[in-house]
Every structure is written in C-alpha cells, then in structure tokens.
Amino acid sequence: MPTPAPIRVTVWSEYRHEKKNPKVAALYPDGMHRTIADALGRETGLTVRTATLDEPEHGLTDAVLDQTDVLIWWGHMAHHEVADAIVARVRTRVLEGLGLIVLHSGHYSKIFKTLMGDTCSLTWREATDKERVWVVCPSHPIAQGLGACFELPAEEMYGEPFGIPTPDELIFISWFTGGEVFRSGATWRRGNGKIFYFRPGHETYPTYHNPQVQRVIANAARWAHSGLRIKDQAPNMPPLEPLPPDPEATSRSTQGHQ
Amino acid sequence: MPTPAPIRVTVWSEYRHEKKNPKVAALYPDGMHRTIADALGRETGLTVRTATLDEPEHGLTDAVLDQTDVLIWWGHMAHHEVADAIVARVRTRVLEGLGLIVLHSGHYSKIFKTLMGDTCSLTWREATDKERVWVVCPSHPIAQGLGACFELPAEEMYGEPFGIPTPDELIFISWFTGGEVFRSGATWRRGNGKIFYFRPGHETYPTYHNPQVQRVIANAARWAHSGLRIKDQAPNMPPLEPLPPDPEATSRSTQGHQ
Amino acid sequence: MPTPAPIRVTVWSEYRHEKKNPKVAALYPDGMHRTIADALGRETGLTVRTATLDEPEHGLTDAVLDQTDVLIWWGHMAHHEVADAIVARVRTRVLEGLGLIVLHSGHYSKIFKTLMGDTCSLTWREATDKERVWVVCPSHPIAQGLGACFELPAEEMYGEPFGIPTPDELIFISWFTGGEVFRSGATWRRGNGKIFYFRPGHETYPTYHNPQVQRVIANAARWAHSGLRIKDQAPNMPPLEPLPPDPEATSRSTQGHQ
Amino acid sequence: MPTPAPIRVTVWSEYRHEKKNPKVAALYPDGMHRTIADALGRETGLTVRTATLDEPEHGLTDAVLDQTDVLIWWGHMAHHEVADAIVARVRTRVLEGLGLIVLHSGHYSKIFKTLMGDTCSLTWREATDKERVWVVCPSHPIAQGLGACFELPAEEMYGEPFGIPTPDELIFISWFTGGEVFRSGATWRRGNGKIFYFRPGHETYPTYHNPQVQRVIANAARWAHSGLRIKDQAPNMPPLEPLPPDPEATSRSTQGHQ
C-alpha cells in the first residue's frame, strides 16, 4: 500500500491575549496556535500551518483553505471581529467536508454557533479550578492513549447546561473541584464535515502544553479528516421509474425550486 | 384536575402563490395557512391564529409571539424576503421554548437553516408523483392515528440526501413512484424548543386538505408545545465546593466571558 | 375535555436488604418500594401498586402487567434470582409499550441488560460521597421542577465509563466529591416502550425520601406512559404497487420468514 | 510509516440453503460466505477466513475469534440452531471491540437481537422486487465509491417499521418497487464494538456478486475494525479527591457490588 498523503492541518487563533496579557505571553510566547502547531508537527502524518485574526482575510484565504483538511479554531475576546464573509467561507468548506476542531471559548465563535444552530451557552467561572476529564466512550479514536481520565490542575470552569444539539458522540465529561460537570468533548456531522468541540484551553493556563490535551487534539485531527469536498447542490432530478399519469402535466408550474 | 390551558398555535405562510397562481388559488382560496388553521381549529385544546409575510413584521410581532406556543411555517418563493430581524426574533423564541413546525419547502427557509446549521439541501422534481409516507416510529406521539402508512396521490418529489443534522427522532420516510426515498418527518431539540420538519405540502396539490396530513400537523402541534420560556444566559457562577488554593489569584484577569 | 384515565404505576423491588440490614430497615421499614409508591400516590393522576421478588411470579403476573402502564424497577443483590421467564414477560411488555424506569443498581438487572444489549458496567465505590445531580436538558419533562441541580449528601458513587448504548436523551450528569462523573439520567426507546434509567438510590441512604428524587420519578412515570400496547409481528405483506415481471415466480420458495 | 497490519475478517454463514435449494446452489456453489470472502480477499489490507454453522463450535472457536477483527454474519433458516454459548462468546467479543457486520436475514439472528435489545422485526415479501439503495449519509466511510444510489434488480422486500433502536448513524434507505421503504444500512456502538447492519442478500438472488454490495461490505469491514479488546469490568474505585466526613463509616456494609 502506498503511504497515504499527510493530513493538512491549519491552526487558527485570535492571537490577541498573548500580545496584551504578560501572563499569557509567558505561557505562549509565540501564541497558543504555535504551541498547538508544534505539538501536531511532531506527529506522524500531519503537516501543520497556522493562521491568525490579524492577517489579511484572517489568514483563511481560499488558497489556504484549498490546502487545509482540518481547521482548528481558538477564539475568545474578538469573536465579533471575525468577518462574516470569512465565517461563511469556512462554513461552506465545513459543509463540503473540511474537518473542524473548536477549542474552549470557541464555543461562542461565529463559526461554531452557525454550525450548531443553538445558543452554545454555558455557565463559567474564571477562577483556578482543577478539571478532571473523564473518557465516556473509551473506544472512540479521539480517546485513544489517554487512560480513564486525565487532570488539568488549573483551568477555568465551564458548567452545564451547555446549549448544544444532542451530540452524535459524547466522548468526554469534565469534573471540576468547584462542583460542576461539563460535556467537554463531543462530535457532530454537518454536511460532509466532521466537527469536534473540546473544552480545555483557557489562555492564562498552560493547558496546550499538556501532553494529554495535545494527544486529544492530534487524535481529533486524524478523526476529523474526511478526504472529501462535495459541493452543496439541490438538483432537479428526472424520475428513475415511470411516474403515474398526470392529466394536468401541461399546466404545471415550471418555476425553479428554492 | 383542572383543564389545561389550550395550546396557542400560529400558522405562518408566505401567502403569495395563492395570489398569483390560479391553480393554487382554486385549492386554497384563503391561503394554505387558512386551510391548516381551520383543520387545527377543529381539534380539542388548540387555539389558532394566522400570520403572513406581507403583514407588518410579517405578522410575527412580539405581541403575537408572546401569545404563541407553537409556530407553523410554510414558505417557498420568498424565503429571501423574510427580514433577518424577524428570523432572529423567532430563533430566539424557539431557543427559549417556542415549538416550531416547518413544512415542505420551508426546508430552505432562513429560520430552519439557521436552526439546523446545515445545508438543508435535497433533490427534487416538480412533477406529479405519488408519495407514500411510512411510519418508522409507530409509538411516537406525532404518528398516532395514521396506521402503517398513508398516501398522497399527487405531490412534488423530494429525495435524499437531505442535508440535515442527524435527527433526534426519525418518524416518517416517504416513498415516491419515481424511485426516490426521503426522511419526511423528523425532530430536533434546539435550546428549549422542539422542532418538527414535515415534508408534504407543495402548493399546487391539495395536500393540506388531506386528513392524515392534518392529523400529523395537529399531533405535532401538541408534541411541540413545551410550556417553557427560558431566557438564554451564560452566568458567571460562584463555586459550590471549595476550590484548590490559587497562589496567583490576585493577578488573574477579570475581563468578562464571551 | 374528559379527565384522562390515571396512569397505573407498579413499583417493583427485591425487598431483601430491608429485611436483612437494620440500617436499611430503619430507613425503609416497609421497603423502598413502599416509600416510592407513597410518594407517587401523592401525585395527581397516578395510581400505584407494588410488587416484590418473593411474591409468586415476583408479583408480576400477567394480570398485574395488564393493569400496569409504567413499571419501576429496583434490584441489587438478587438479580440472578429473577426468573428468566418473568424477565422475558416484562421484556415483551416493554417492547409492546410498557414504560420502564430502572433505578440505581438496576443497571445490572436482567431486564435492563437485555433491553440495552450492552455491558451496563460502571465503576463504583460504596463509601459515603456527596452526589450533585446536574440537569443537562432543562426542557425535558423529566427535569421539570428541579432547578439547575440538586444534591444528595450521602450516596454510593457510580463512575464512567457506563457501558450503555448512546442514550436517545441525556438528562442528568452527576458530580461526586470523590472526583467522578456519571450519566445519571438517560432515556432510550425499545420497540414501543420508553425506558428511563436514574442512578440515585443506594439502599443504605435515605435517597428515596428526597423530594427532588421523588419529583424525578414522578415526572418519569408520566413521561414513560405511552398508552400503547402493540404486539410484535413480522407480517408477510402483499405489494402496494405492481412488481416488476418475474419469470421465475412459479419456482419461488414459499417457506416462511424467520 | 510502517504498513498497518491487515484487518482479519471472518465470514460466517449458515451454509444450508446452498445445500438444499438448487437455485441457491447455482448462484453460490461454494456458499454465500465463499463469494463474500473472495470479494473481500481481492481488497488491499484484508485477510479473510470463513466459518459455518455445521463446523464444530460453528467454526467460531476462541482460537478463531482471537484471530478475528471483524465478523460478518449471514443466517436465516437455522437461527435457532446457533448454540447459546457461542452467541454469548461472540457477544462478549463484540463488547470487547470485535467489529460485527450483520447481513439481511441476520436481523433475526440471536447475536443481533441480543445486541440490539429490540424486536428486530420488519415486514417482508418473498417476491422478486427491485431494490434501490439510497445513500443518505454521503460522507460516511461505508458509503464511499457508490454514487447517489445503486440498484438490485431482484431482491426480497423488507419494509418498515424495522424494530431497532435509533441507529447511531443511518447510511442507507432502500426503495422497493412494491411501494415500501427500509432503513437498509445503519450502525450502532455496543461496548467497544462497532456494528453495521446491511439489508440486501436474499439467498435466491445473486446479490453478493453485485460489485456495489461487495463495495459496501468491504468498506464496512474497514470501518468496523477497532483494533481494541477491552475486557468488561466493574471496578471498585478508591476516591481521587477527599470524601466528605462519614460518621457512620465503620458500620458500612462491605458486601460486593452486583
């Protein structure tokens, strides 16, 4: 068998907190996207690039998306600065088959909300908490190599109810010291695209340096890769079998569908 | 037990084909919404009003929505004329708990697409076909009183693939003489709202006079009624249990969540 | 509208721990089933009876099941003593439309395992823990009247992974002081029957005296009531449309299907 | 990257009709399992063996199952002759991670019924019909290489309602000339095992010689391979966090969990 082509991952991030908050800059001197991309780059079979909000077209040109199999998304304070046209472009690509991994505060990103069709709301607490991520679907590809659970000693809390459509697959549930639970890893199919939401990753904590978190994201990149790009269409179809007789056929409307 | 309050249904329709196409006008002289509303009005425990595109605010003022438990939606040629602000208003209500029943060509309405987050595309053929609607979930409340299947002797064809998220419940699958199949009745939960899509109802056929179709819509109105209106929120929550010690607590960012 | 007929609930329990363990007897002098039945009996629109393992046919005669709309099941130490014939009888009824509510250690009952088709395994710890039950589907009928969460100050721990098929609806997730999470309220449809599993209820704690627990069970009894009894069948069906010509029709096997 | 190990497929069949019915023998002189196995053997990355009912232990010894990643199952007239002990053995393996593909009349096999927990009933007609299999999830790995639909010019009819739990994924819906529809390709997860049901394959038709049918089965074999074997367990777990104080700890029951 020939070696399969590598999966082309683009890691997108706002890259704002890192420039404004010294604590974040100390953790992620080149940005969270760089830390995530470096981790993915050490994996076999993945090629990785990055893109950020302040690049032209947010770094998500058609040329870049043509070369992207899986897009990873981290946003927080600047969701509203993401141009609607770029959101629409990414949405179209996801529905055609682009894989999408949405991280942490990306639950309120335009791209996640438009694909979920739901509030995407949750409860939260920006106080250092311990998060323990439990695997509830041990056989899922995204859960491989993790054991029964893993801990993040310092994280923001997100709590239920999380305003999402019923996931196709629920993979992780998080426990927080403060007393809350959260569906922290879940998948959905939209069009031909595979979507994974993963909760951890508040910017003031070293979460993306954590090996288990990196393992989840690498697993998810492989899982989300469909290899497909199928254009959306709503074709008018001739019948495959004889239709019943239609005495009024000649008076039938011929206007298009939409 | 006291008698429960009636369920307040608003039937919304474009009401355009009926004014332009004599064939449609002959079938539905007062509009499809009127035919549907009359059928629902004969049911016990439902009170019904109508609203149409060309009324101010498309007839969907806050006052009307305050008095609506379940909204029924038929649109086709004028989806693009529905104001985005009204779509946003209805979307907010659905996520708070308003029931929504989307009929036929409403699969491409703004409100359905924004709640599905998917293409909502399908194949189609505007030629007189026989549709046989099969019940695949006989115990579902929406399927009661129908038997194993029912037939519509003349309908437009819609075929798979239908670009929808995996339904929470699949209730009907349609067979067409021309050789196609379609998931013609399905439900989803979005926020606190219950959504039902029902395929039949091309304007040039007498579908909404059909007793089984009327039965489905009445069943669905009762099913979609949640009795709830819960405002969307994303509250900052104090911990319920003691947090682990946080040596850096004083330097923590206090910016809001988004 | 005429008053609907009351929903007939049968509460089934092993009723063994109460006779052997003084601590359990002190909490539930007439058995856990009696405490649950008394709580349900205070609800409007429910009529309640009980049945226990050591009665003839475990109290689940055909006559009793003929008069039962919803069956509640608590078992633990004597799962293996439940006769296979009675399990098969109850299974048949559930598939016909009987509602089933399985409590706590009933996750390993024969009836739950045969309807799930899965391991139904979990991790556990019989040590006094605090359980906080979070509502993840606030609009579900089973979650009404509870608020965002409720606490049980002393319970056994059950932890993930829970070996169940993907629930149709996930309603509750529990948090435990010891660091675990659990999908503690979930629903499935099997045949025409509605099934709800609810985690709390270890025999050495006063869980079934808790008003929120009683609220959940009463809500679930109403939710699980289908009003249906549809016999299982696999009928040989004549065609509804003309078949294609079959030159070999006369040589066709006529043996039955199975 | 090293070449992955081949996926080891075992094709199991009753192999009875082929010995009794000359028409079946003419179509499948060495058995349906042989035709299926030969088709899979031409695929890259699969190694294939067969097993049949009348071999010792039905050919499904522990040694064979130790060497099997994916099991394909065809049965019809002799479901009741499959020993319960072998069914239990296969069930245990599936829950540990063995992939399972159930074909056609296998809907009523013991192994499928025990994993579904449902009636698995359907309507049927043993008369030559045309079946058109529509792809409803075009991005699913099992649907690759098929186009929008494919036709089987002669098949037995299976119709809805099909008594199965809500599938995790619905991939195919069939149309029949006689007027019926059927969910003809669907998946479920049970334990760590992936299960696919595929409708076509009545013994008196050349279905398993059809290239699209062979494509589906080969795709499904790759999809169902988990690479996992995780033993079922229900471990007693020590707490990961300090428990609340328990004044009665010394009197606590120490009996095992069941």
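We call the chains A, B, C and D, going by the order they appear; numbering starts again at 1 in every chain.
Note that contacts are C-beta pairs under 8 Å (C-beta built on N, C-alpha and C of every residue); 3 or more make two chains touch, one makes a residue touch a chain.
Computed from a predicted model, the values in this text were never measured in an experiment.
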Between A-B and A-C, the pair joined by more C-beta contacts: A-B
Taking each chain's C-alpha mean as its centre, the one farthest from chain C: A
CA centroid of chain B to CA centroid of chain C, Å: 31
Euclidean distance of C-alpha centroids - chain A vs chain B, Å: 28
Between chain A and chain C, centroid-to-centroid distance (C-alpha), Å: 36
Chain B: positions in contact with at least two other chains: 132, 137-138, 159, 166, 168-169, 177, 179-180, 189, 191, 240-241
Interfacial residue positions of chain D with respect to chain C in the complex: 21, 23, 76-77, 79, 95, 105, 108, 114-119, 121-130, 153-154, 157, 159, 163, 165-166, 168, 177-180, 188-191, 204, 232-244, 246, 248-249, 251-255, 257-258
Chain A-facing residues of chain C, complex: 132, 134-138, 148, 159-162, 166, 169-170, 173-176, 179-181, 183
Residues of chain B that touch chain C when the two form their complex: 1, 3, 44-45, 97, 132, 137-139, 168-169, 177, 189, 191-194, 226, 228, 230, 240-241
